[in-house]
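Both complexes below contain chain A, partnered by chain B and then by chain C.
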Partner chain A sequence: MTATLFSRRLLSHEAMLALLLALALFTLSRLSDSFLSSANLLNQVRLMAEIGLIALAMTLVIVTGGIDLSVGSITGLSAILLGVLWSKLGIPLPMAAVLAIAGGMVAGLANGLIITRFGVPPLIATLATMAFYRGLAEGLSQGRSVRGYPESFYVLGQGDVLGVPTQVLILLVAAILVGIALQMTAFGRTVLAIGANETAARFSSLPVDRVKLIVYGFSGLMAGLAGVLLVSRVTTTRSDMGMGWELDAITAVVLGGASIFGGRGTVLGTVLALALIQCLKNGLSLAGVKADGTIVLIGLFLIAAVLLGNLMDRIAAR
Partner chain B sequence: MKSTFYVTALAALVAGSAAMAQSAWTGGDDLPTNPLACDGTPAATAALAYDGGSPTNAPDRAGKPITVVDVPKLVGIGYCNATSKGIADAAAEMGNMTATTDGPTEANIDDQITILDNYITKGVDGILFAANDPVAIAPVLKKALEAGINVVGYDANSDPGARQWFVNQAQFNGIAKSLIDNLVAEIGADGSFAIVTSTFTTPNQARWISEMSAYSALCYPDLKWLETVEAQEDNILSFNQANTLITKYGDEMKGIVGMTSVATPASADAVTQSGNCGKVAVVGLATPNAMRPYVQADCVKSVVLWNPVDLGYAAAYVLRAAADGTLQPGATTVAAGKLGELSIINGSEVLLGSPFVFSKENVDQFDF
Partner chain C sequence: MVAAPSHRATQDTGWPHRWLSGHGQVLVVLGAIVALFVVVSFVNQRFLSPANLTTIFSGNAYIAVAAIGMTMVIITGHIDVSVGALIGVLATIAGTLAVAGWPLWMVWLAPLVVGVLVNTLAGALVAYAGIPSIVLTLGFLSILKGGLIVVTGGDWISDLPRGFFLAQMKLFGLPVPMLTALVLTLAVAWWMAHFRFGRAIYAVGSNPEAARAIGISVERTVVGVFALHGLFAGIAAVLFATQLTIIQSTVPPNLELMIITACVIGGVSILGGVGTVIGAALATILFATITSAMIFTNVSAYWLRAVIGGLILITVLADVARRRRQA
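So, the complex of A and B:
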C-alpha cells in the first residue's frame, strides 16, 4: 500500500521534471538557433559529465540521510595526485590515473569511517574533510600546476568514441549501474531503508555501517574519476579544481526529487535535474543572457521547481 | 586492520605534502627569464618567429561589421572595468565592431571556459580574452580558432599556439624592474619583503614574479624574499593574507608587494589599519582610483601600472586588424587608432608601452 503511494509520488516528480525539461528545451531552442544542434547538446553533456558523476554518488549519500560536502575537494585532490604521481614520481600515466582515482576512494572511505566509527554527523565530518583535503591538495601541489600530458590522455576529456564524447558514455554507463543498484538490489533497498529509518534498519540486522562506508567510498571514487576527467579536459592540473562542485551536485540531487532527510530518491530524477540545469545554463547563455543574469534566472527557476514539486507531493498524498 | 590501512594511506598523503613543502615556492612560472640591466639600459629585443595560432577557414571579414566577445579574468573589479571600457571606446570609434563583455564573477578558469564555449556555439567573429590559466584555456581557444574565429589575448596570456596575438601591457622584465626598483627605494637594498599575488598559476603574475626574482638576484642580491601568498583577486582574502603576513613577520618584514590590482589596495588597507603606515612599505600594481587615499596619506609612495583603458583599446584594434587581414604573421608593427604604431616583439606579442609610476604628484590626474 505504502509502496504504491511511494512510487506514485516519485513518478509524479520525475514526470514533472521531464515535462519541465521538454518545456525548457522547446523555449530555449526558440530563443537561439544554435541550441538544439546535436554538436551543442553533446558538448553540454560532456561539460556536465564531471558533476554528473558526483551527483550520481551524491544521490546515494543523500538517500541515506547524509551529505558529502567534501566531493569538490576530493576532485581537486585526485587531480593533484594524478599530476604529482605522473610528473614527480614518474609513474606511467594509466597507473597514475588509477592511483588518483583510488586516492579519491580512500578519501571517501575516510569520510565514511569518521561518520560510522566515530558517529560524527555527516555534515560536520565532510565539512571538516572538505578543508582537510583541499589543504592536502594545496600542500602536495605547492601551488604549481602540472602540464604537458601526452595527447593520448586527452581522449578521455576531449575525444569521441563512435562519434559520442567519451564522458557521455562514461556518464551513461555509471547512471545505468547506479540506477540498477539503487532500485533493484538488496544493497539499494538497504540504502533507502537507512535513510527512511536508520534505527529500524539497524534492528532489522541490515549492515548499516558497511553500506554507509561503501556509499561514502563510492562518493570519493566518483569524485576521483571526475578529477581525472577534468584534468584530461583542461589539459592541466590546478589545486583549486572542483571548488563549489558539491553545491552543484547537491542541487541536482535535491531538484531530482530526493528528500534531504533521506529515504527517498531516484537516479532518474537526478539525471533529469542535471539535464535541466545544464540546459538552462547553456540555453540562457546562447540566448544572450550574461553570466551573472544566468545565475539569477537559474536560482528563480530552481525555487519554482522545488515549490512545484512540493505542491504536487501534497496533492498526491491526499 | 582496515582502519590501520586507511590511517596509513592518509598519513602517507600528509607526509607527502609535508615533504613537498620543503621547497619554498615564490609563485613564479618555470619559463626562461630575461632581466634588464640594473642601470636601465633597454634590453635588445630579439626578433622571434611568429608563434601564434591561426584560424581555420576564417570568412573574409575585411571592412565588414563583426561581433566580438570580451572575456576578462573576472567582472566587477576596477581594472577589468577599465579594460572593458577601452574595448567599448575602440568599438565605438571604429563603428563596425560590436563588443560585449561577459566574464565570470570569480577568477575561475572553469567558468571562463564555459563562457567561451557558449560564445563559440553561438557564433561570434572575434574573441578577446585575459586568461585565468594559460594551459587550461588553450583547448577551448583552439576550438575557437578551428571554428574560424579570430582570437586575441590581452593582459594575461595563454599558450601562444592557442591565440593569434597577445597585447602585452608592458614587457614582463620592465614591470619587474619597476616594481623592484620602487621597492628598494623604500626599504633599502637589504630589506625583506613578501608578495601577495593572485594564484601561482595565473600567467601574468607568475611571469612577473619570475622576472622579479631574476632581476633582484642580478641587481640586489641582499634583498630578502620572505614569502609569496595567494589571494585569488579577492578583496577580503587579500586583506586577510596581508594581515597574516604583518602578524607573522612583524618587524622583520619591511615591505609588501601587491601583484594584482585587488591585492595592493587591500595590503595598503591592512598596513594602515594595523598602524604600520610608514613602517611597512606597500608597492604594487593597482589602479590610481583605488590607491588614491593611501597615496595621499603617504602610506604608499608609488603605484606601478599602465593605462588599462589603452590596453583594452589596443586589443580591440589588434583584433580588428587580424580580422581584416591587415595584420599578418611576421609583421613588426600594428596601427592601433589613437595610440599610433605599436611594436610587435617575441613573435606574436604586441607591446603597449612601458609601465607608468603613479605617485602623490600625479595620482589625481587619472580616473580609472
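So, the complex of A and C:
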C-alpha cells in the first residue's frame, strides 16, 4: 500500500516539475525570440551536461540514503590528471583521458570502501575525501594550468555528432542507462531497498555493500567523465575546476523529488529538475539578471520544493 | 511508514562513556599538536618565534568561534553548510556599516543580531517545517552566496575607520581573537556540561524520542541551537572582518568545510549526541600548526590541502576504529 502511495506522490512531483518546465519554456520563448531556436536549446543542454552526468550518479547515491560531497573535487582531480599525464608524462591524449576517467572511478571506489568497510557515514567520508582529492589536484598541478590541447580533442566538449553536441548524446545515453538500471533491474531495486531500510535489506541477504561500492564508484566515474568533458569544452585545466558542483548536483536531485533520507527518487525527476534549473539560468541571463541572482532563485526554489513536498505529504497522510 | 532504526539508540552507553569517547579524540588532537611543535621546532627554531605563535593561536580563532555553534548543531544531529556564506555576509554588513559611519559598538553588534535572526529562521524551518538541515542549509548557502554578490558586486571594502580592527587589538598582552575563542570555548564547554539547556542539546542528539519523553521540547531546542549558532557566526564574522585592513565582500571559499572538519576532528560525532567544543577549538589550532609547519619545513603550499585532507581521513578512520573496539 505504501508503494502505491509513494508512486502517486512521485508522479505528482514529476508532473509538477514538467508543468513548471513547460511554463518556464513558454515564458522564455515570449521573452526572447532566440530562446526556442534549436541552436540555443542544444547549447543549453551542452552547458548542463557535466553537472547532469554527476547528478545522474548522485541520484543513485542519494536513493541509497547516502551523499557524495567529493564529486566536485573528483572533477578537478580528473581534469588535472588529464593535463599532467598528457603535458608532463607525454601520454597520448585519448589514453590520458581514459586514465583520468579511471582515476575518477578509483577515487569513487575509495569513497565506497571507506563507507562500506569502515562504516564511516557518507557525509563525513566524502567530506574528508572532498578536501583530500582537491588537495591532490592542487598538489599535482602545483597551481599551474595546462593549456594548448590539440584541436582534435575539442570534439568532446565543443563538437557535434550528427548535428547533436557530443556531450548531449553522452548525457542522453547515460540518463537512459541509469534510468533503466534504477527502475527496471534487480540492482535498482536493491538501491531503493537500501535507502528505504538498510537493515531490512541486509536481512533479506541483498548485496548491500557491493551495490553501495558500485554506486560510489559510478559517482566517481561520472565526475571523472565530467572533468574530461569540461577540459575539452573550456580548453584549459585548472585545479579549482568543479568547485561547488556537488551542491549543484545535490540541488538538482533533491529538486527532482528524491528524498535526502533515501528510498525515493527517479532519474526522470532529476533530469526534469536539471532542465528547469538550466532554463532558469538561461532565461534570467536573457532577462539581464546576473548568474549570482540565479543562484539565489535556485536556493529559494530548492527550499520551496521541499516545503511543498512536505505539505503535500501531510495532506495525503490526513 | 516505519522510521528507520536510529544508530544512536543502539549505542546508548550513558554519560560517562560519552564524555570519555569525546575526550579521547581531544587527547589525540592535543598529542598531534605537541608532536608537530617538537618536531618542527627542532628542524627550525623560528617556528617558536612570538610572531609565528600568534599566527598559530590567533589566526584561526574565528574558525574556532564558529565551530562552537557548529558543534552544538552537529550534536543535535543536524548540519549547517551555509555558515561560511553567512560569515561572509555578516562581515560585509559590519564593513558597510563601519564605512557608513555607524558607532563602532553598533557595527560590532549588528552581525550578531543578523546572524541570530537568519539562523533562527533556518532552525525554525528545520524544526517545524521538517526540512532536512542539509537540504535547507544548502538552499540558504545559495541564497546568501548569490545574494551577497548581487548586492555588493563582490567589491572590496576599504577606507574602514581606525578603531574598527578589533581582531588586531590586544588585551592583557594577548591578541583579542585568541582571547575571545579561549573564553567562549571554555564558557560554552562548562555551560553545555552543567546547564539544563546545554544538556538538552546532548539529549536531543542522542535520542529525540527519549528527550521528548522527559519533557524536553525537541523543536525549541533545535531552534535555540541554531539561534546560538547564528550568534557565534556573528562573533566569528566580526573577528574575520576586522583581521585585515580590507574586507572582500564575497563568501570565503571552503570556510564551512573548515568549520565542520574542525568539529569532526575534534571528536563531534556526525550521528549526534557526542562531542565537546574543546575538541573543535583544538582542531583549528592543529590546522594552523600544520599550515605553519609546512611553511617552516619548506613543503610546497600546494600540497597543504592534500595533507590536511589526508589527516582528516586518518582521524576519521581512527575514530571509527576506536569506537568499534569500545563497542
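Rule of thumb we're sticking to: the second predicted complex is superposed on the first by the 308 of 318 C-alpha atoms of A that agree within 3 Å, B and C clash if a C-alpha of one lies under 4 Å from a C-alpha of the other, contacts with A are read in each partner's own complex, and residues count from 1 in each chain.
To be clear about the criterion, contacts are C-beta pairs under 8 Å (C-beta built on N, C-alpha and C of every residue); 3 or more make two chains touch, one makes a residue touch a chain.
Please read all numbers here as calculations on a predicted model, not as lab measurements.
Residue contacts after overlaying the shared chain place A:Asp292 against chain B and chain C alike. Applying the stated contact rule after C-alpha superposition, one finds that A:Thr235 touches chain B and leaves chain C untouched.
With both structures placed on the common chain, the touch criterion links A:Ile303 to chain C but leaves chain B unconnected. In the overlay built on the shared chain, the residue A:Leu20 is in contact with neither chain B nor chain C. With both structures placed on the common chain, the touch criterion links A:Ile74 to neither chain B nor chain C. Of the two partner chains placed by superposition, chain B and chain C are both touched by A:Gln142.
When the shared chain is aligned, no partner comes close enough to touch A:Leu268: not chain B, not chain C.
Using the contact criterion defined above for the overlaid structures, shared-chain residue A:Leu113 touches chain B, although it does not reach chain C. Of the two partner chains placed by superposition, only chain B is touched by A:Ser32; chain C is not. Taken together, the two complexes place residues 135-136, 139, 141-143, 243, 290, 292, 295 of chain A in contact with chain B and also with chain C. Interface residues of chain A, counted against chain B in their complex, comprise 32, 34, 37, 39-40, 43, 47, 84, 88, 103, 106, 109-110, 113, 117, 135-136, 139-145, 147, 154, 158, 233-236, 238, 240-241, 243, 281-282, 285-286, 290-292, 295. Interface residues of chain A facing chain C in the complex, by the touch rule stated above, are 2, 65, 67, 114, 118-121, 123-125, 127-136, 138-139, 141-143, 197-199, 243, 247, 250-251, 254, 260-261, 290, 292-300, 302-303, 306-307, 310. Chain contact summary for the complex, chain C toward chain A: residues 1-2, 4-5, 79, 81, 125, 129-132, 134-136, 138-143, 145-147, 149-150, 253, 257, 260-261, 264, 270-271, 300, 302-310, 312-313, 316-317, 320-321, 324. Considering their complex, residues 3, 6, 9-10, 13-14, 16-18, 20-21, 23, 25, 27, 75, 100, 102-105, 108-111, 113-115, 117-119, 121-123, 133, 135-136, 138-139, 199-201, 230, 232 of chain B touch chain A.
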